[in-house]
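Two complexes are shown next, each including chain A; its partner changes from chain B in the first to chain C in the second.
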Partner chain A sequence: MMTKVELETFVEGTTHYFATAANQPASVGSPYIVQEGKPTIQEFTGMISIAGKRRGIVYFTASRPMLTVMLMRMGETELTQENMCDLVGEVANTISGNARRDFGKDFMISVPTVVAGEPEKIVTPDNIRSFVIPINWRSHSAQLVVCLE
Partner chain B sequence: MGILDLGRYKGIVFAITGFLVFIAIILAVNHGKAGGFSDNVAGVRFLENQAVLPHAVYDASVQLAQRLQNGEKVDDALESLRKAATTFDRSLNSLANGGMITDSSGDIIVLPSMTEPEAVAQLKNGSKLWDGYKAKLDPILRFSGSPYVTAQPAPAPAPAPAPAANGKNAAPAVAAPPPAAPTIQLSPRGRRLQTALTDLTQYGNTVHGQLSKVLTDLSIQVEANSRKQTDTLRYIQVGGMAAALLLLGAIFLFFTRNLRKEEASANRQRKETQDILRTVNEGLFLLDKDLKLGSERSMALNNIFRREEFLDLTFDKLLKDIVPEKTLRTAMDYVALLWGERVNEKLVKTINPLNEVEVHFDNPAGGFDTHFLEFDFNRVKSEGSLSHLLVTVNDVTKRVMLSRELQESQEKAQAQLDLLLRILHVEPDSLTSFLTDADVSLKMVNSILKEPAREESAFRAKIDGIYRQVHAVKGEAAALGLKTVEQRAHAFEESLNDLKGRQSLSGSDFLPLVVKLDDLFNHLAQVREMLSRLVDLHHAIATRRTAGSEVGAEKVDQWLAGQDQTQITKAIIPPPDLGETTGAVGGLERTLEDLAARVASSQSKQVNLRCAGLEGVPESYRRAVKDITIQLVRNAVVHGIEEPGERAKANKAAAGALAVEFTPRGTDGYELIVQDDGRGLQLERIKEVAVERGLITPAQAALLDPRQTMALIFRPGFSTADRVTTDAGRGAGMDLVRILVAELGGRVGLASAGGKFSKFKIWLPATQSAVAA
Partner chain C sequence: MASANAKASPLTGGKLKLMICDDSNIIRRKIERELQIERLQVIATAANGKLAVEAFRKDPADVVTMDITMPEMDGIECVENLVKIKPDVLILIISALSDKATAIEALKKGANGFLCKPFTDRQLTEALEELLRGAGNDD
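Here is the complex of A and B:
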């Protein structure tokens, strides 16, 4: 069963990125569960796979407008798709780093992969409920999705 | 290894040593033989020189005889004869004895010993001749002094006058005749010497040639011997070389054959090893002291570790990318332990942390592939000390997965059995109804959570809504005696209560809620699965029964049919249609009865519940009526009904009377009454609690009339219970009743008389269908 500590670790990894890299903290929205079907997937998704004590995926998915503003806030002038991919990849990397720090001894955490569009590439384990934690930043909202057995 | 412990090289070392010894012998013989050549040459030269000595002796004797004849001095001739005779004598003795002699130039010559019979005979003959010669020489050689006697000659006649008269220039006068020379005569010794000489010369005339021939022959013989020796040496050399070559060839052949044999054996062994390593299913490799993998390994290792390259790989690098850090550290500690000299291997094996280790390989398609590997370590000793660790690796994924599935299955079966025992006590329609309602409630909770929220007020607004849903689930679970669900819902309520008390709220604070919600979903799914299995079981039994088999599992049948166990008969009961909800209200009665009995039991009370008219609850009110009655019945038992002792003092029956009545009132709607004969509402206590909980101030409490005081019990958070339990304590129940009634557009009335009764009267508006009718 998913624990509160595990969820908090993933959430902290995400908010930490916003606080440090995006120069503006993000707030955590009301978390909920997706029982059937796929959780929300926006235009850009940074994903890590996890094995060991838990098995599944964790991903951060955000819209192009949100990433555009983030890039601008970070002083990036080239608002290209590549940079947006890098951005969600970095968020996933920060989540991964946080998870390694907290669960590194028990978990195997993959290097982040980035998916632009193509939601079919994000495969969640069957019959597992996903936890969706909205990450609100300015007027935008991204999602952190935790889908672990 | 000792210096003489040559192992497999023993043969070749001995063979080469033998060969060298043989060569040394050949060389030594060669050297020895060759050393005799110079002696032979010197010997031949010496003999040739000595061959002239008999002539010299003879000549010296002739010369001596002639001098003696002529009356000349004989000393030097005699000395020559002596010298020649002495030299020849010494030489002949040396030849006979094989001794050494110094030649005329002063060099020492080792004379070859004349051992051949012919030479011996010649030497003997020569010696014999020389002995005769020497016998004749001896008197001569012993001679010393002068052999002459000196006699003055007679005076010579007067010389004749000079012939002057006979001429003018007469020649000078004839010189006087020279004085007469003294006459030399041999002394008697001289005569004897002369006689000896005559004898010697006569003998020497015949012998000296023979003696010379003897020496010449010996010289030829020595020369022939020398040639023979040269030939022998050549034969030895050629034979030695041939033998050496043969020996070398034999050694070469022997060792070539041996090497081939060994190579073939090594090749065969290598091939066998390679075949084993290629075929064996286990991953095999050696670890050295630096924990580096050996060069030989089984091919299975490639598949097990999904890599081709193992060169210069260390054990930690092998594992680093496929196991978590904690496992890696444990593994390295364990392997280090195995290298200890004083280790009980069997004991250490029992604590092997790698006998079933979970590893994760990167999947090119993303994520990980998880496998389970079994490592076994054996200490390899060489010459008494630990040289390697033999590591055996097996992929035991299937075995582990099967074992885990079995274990999970057993655990699940145990959990399901527990659950089964619990739900077997629950009336099936009630359970079905509960599952449906609980699912709706939990989905509602999730919907509330899902509503976007950024401000604190939005988060806080969620709490009450969630609370009501969870409380309803908890209430019904409690009513059905589903303790596991009730406990989970209770824990959920505790989390909500914790949030209520917080000064500020954010989404992170709601994380525990989703975790608990997930847990509740999971648990209810298990209950649903269990119910489904029971239904399947029922159908299976029914099918068998139809086929004429024995009647069995009546309990399941009756449970599914909703019959009371006391009414169990052997009658064959047709399976009920579980899809229908006609029994839902009957289920509610049973639920309420069970709830009342369970709560009463936990409170050490007794209660008789009477239900009436619940079958007339319209479908649209069914859920609300159920939630309301559950709350009110529980409240009545907990707060209203007294304990038997207290009731006895008040002259009441030990068992409290509790009535639930649902009555249609035509176009006026419906009336739901829940009444008990307990202690009634204690208005002063209600005020005290309301003040304690901060719902009202003491001043406000003083101004409240009875009706307003009773209304306090519907305020959120009000409860007169001393402690929070799963049955009471948080003051959410009456608030839920108020909200449910309000949502349906109804009203709540409350009447109570201290020590006598409490009566909740709820009016619900007529439903659309009822109005239409």
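Here is the complex of A and C:
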């Protein structure tokens, strides 16, 4: 089970990512537990597997319109599906990688796996609770989902 | 992911050759687009460490920006390989892995600087300028 302090690491990482990489701060809400069913999956999802001292997954999921605006804000001119897949992977990778500042080097992260649509491909472990961190950025919403032993 | 893209590099005017290695296409393009140091000229980009070593063998860069978490060969192993080929290469690690142990390991293997993702244009420029100053390559 994750602690409040551990979740705060991911909230801070998400806040820092949008302010720095997307050139505009996001409103990052309080994490909540998914009580029933599976967490939300949007059109594009970047997923990182966590191994080592902690095990589980971290994923960032967002819509095409949000990723389009993010790419534009980053100065990217090629607003392709490939770059949207790249972006969700990079967001998940950056926030998870930054978490090592608090979790230490034994918090081992994989390269990103990216899923466009096909929510059935995102599998969260049944025995671990998923926390959703809601992200509101401009008029868009996205989620960071943290599911760690 | 894009593949390594080693171009011919007939550099003049004391320019330094730069290779960008990152598995993210948008990060490679961002670094290339936002590069504001006239003395650096991008000669190659690579999507993983293995491709970077191949491109580096063909045309060794003077300066390299290097991600750590990548498929095929990670950035730490790649740094070791590049330093064996060209001991005086300047390597700036640009990674999301923000723990001290990773930074220390990269520096021990031969990297010269560390910039944590996410980064602004200004932070990138400052990190590269510091790298060049440290090696006595400042103007």
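One rule holds for everything that comes next: the second predicted complex is superposed on the first by the 146 of 149 C-alpha atoms of A that agree within 3 Å, B and C clash if a C-alpha of one lies under 4 Å from a C-alpha of the other, contacts with A are read in each partner's own complex, and residues count from 1 in each chain.
The rule is short, and it goes like this: contacts are C-beta pairs under 8 Å (C-beta built on N, C-alpha and C of every residue); 3 or more make two chains touch, one makes a residue touch a chain.
Please read all numbers here as calculations on a predicted model, not as lab measurements.
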After the superposition on A, what does A:Ser30 contact: first (chain B), second (chain C), both or neither? first
Thinking of the overlay built on chain A, is A:Asn98 touched by chain B (first), by chain C (second), by both, or by neither? second
After lining up the shared chain so the two structures overlap, which partner does A:Gly75 touch, if you call chain B first and chain C second: first, second, both or neither? second
Have a look at where A:Met2 lands relative to chain B and chain C in the superposition and call it first, second, both or neither. first
Residues of chain A that sit at the chain B interface in one complex and at the chain C interface in the other, please. 104-105, 107, 110
In the complex of these two chains, what residues of chain B are touching chain A? 322-326, 358, 360, 362-363, 366-368, 370, 446, 449-454, 458-459, 462, 506-508, 510-515, 517-519, 521-522
Contact footprint of chain B on chain A as seen in their complex: 1-4, 7-8, 11, 27-33, 35, 47, 49-52, 55, 57, 104-108, 110, 113, 121, 123, 129, 131, 133-134, 136, 141
So, in the complex, the side of chain C touching chain A is made of residues 23-27, 29-30, 33-34, 69-71, 95-99, 101-102, 116-120
Give every residue of chain A touching chain C within the complex, in rising order. 16-17, 20-21, 71, 74-76, 78, 82-83, 86-87, 89-90, 93-98, 100-101, 103-105, 107, 109-111
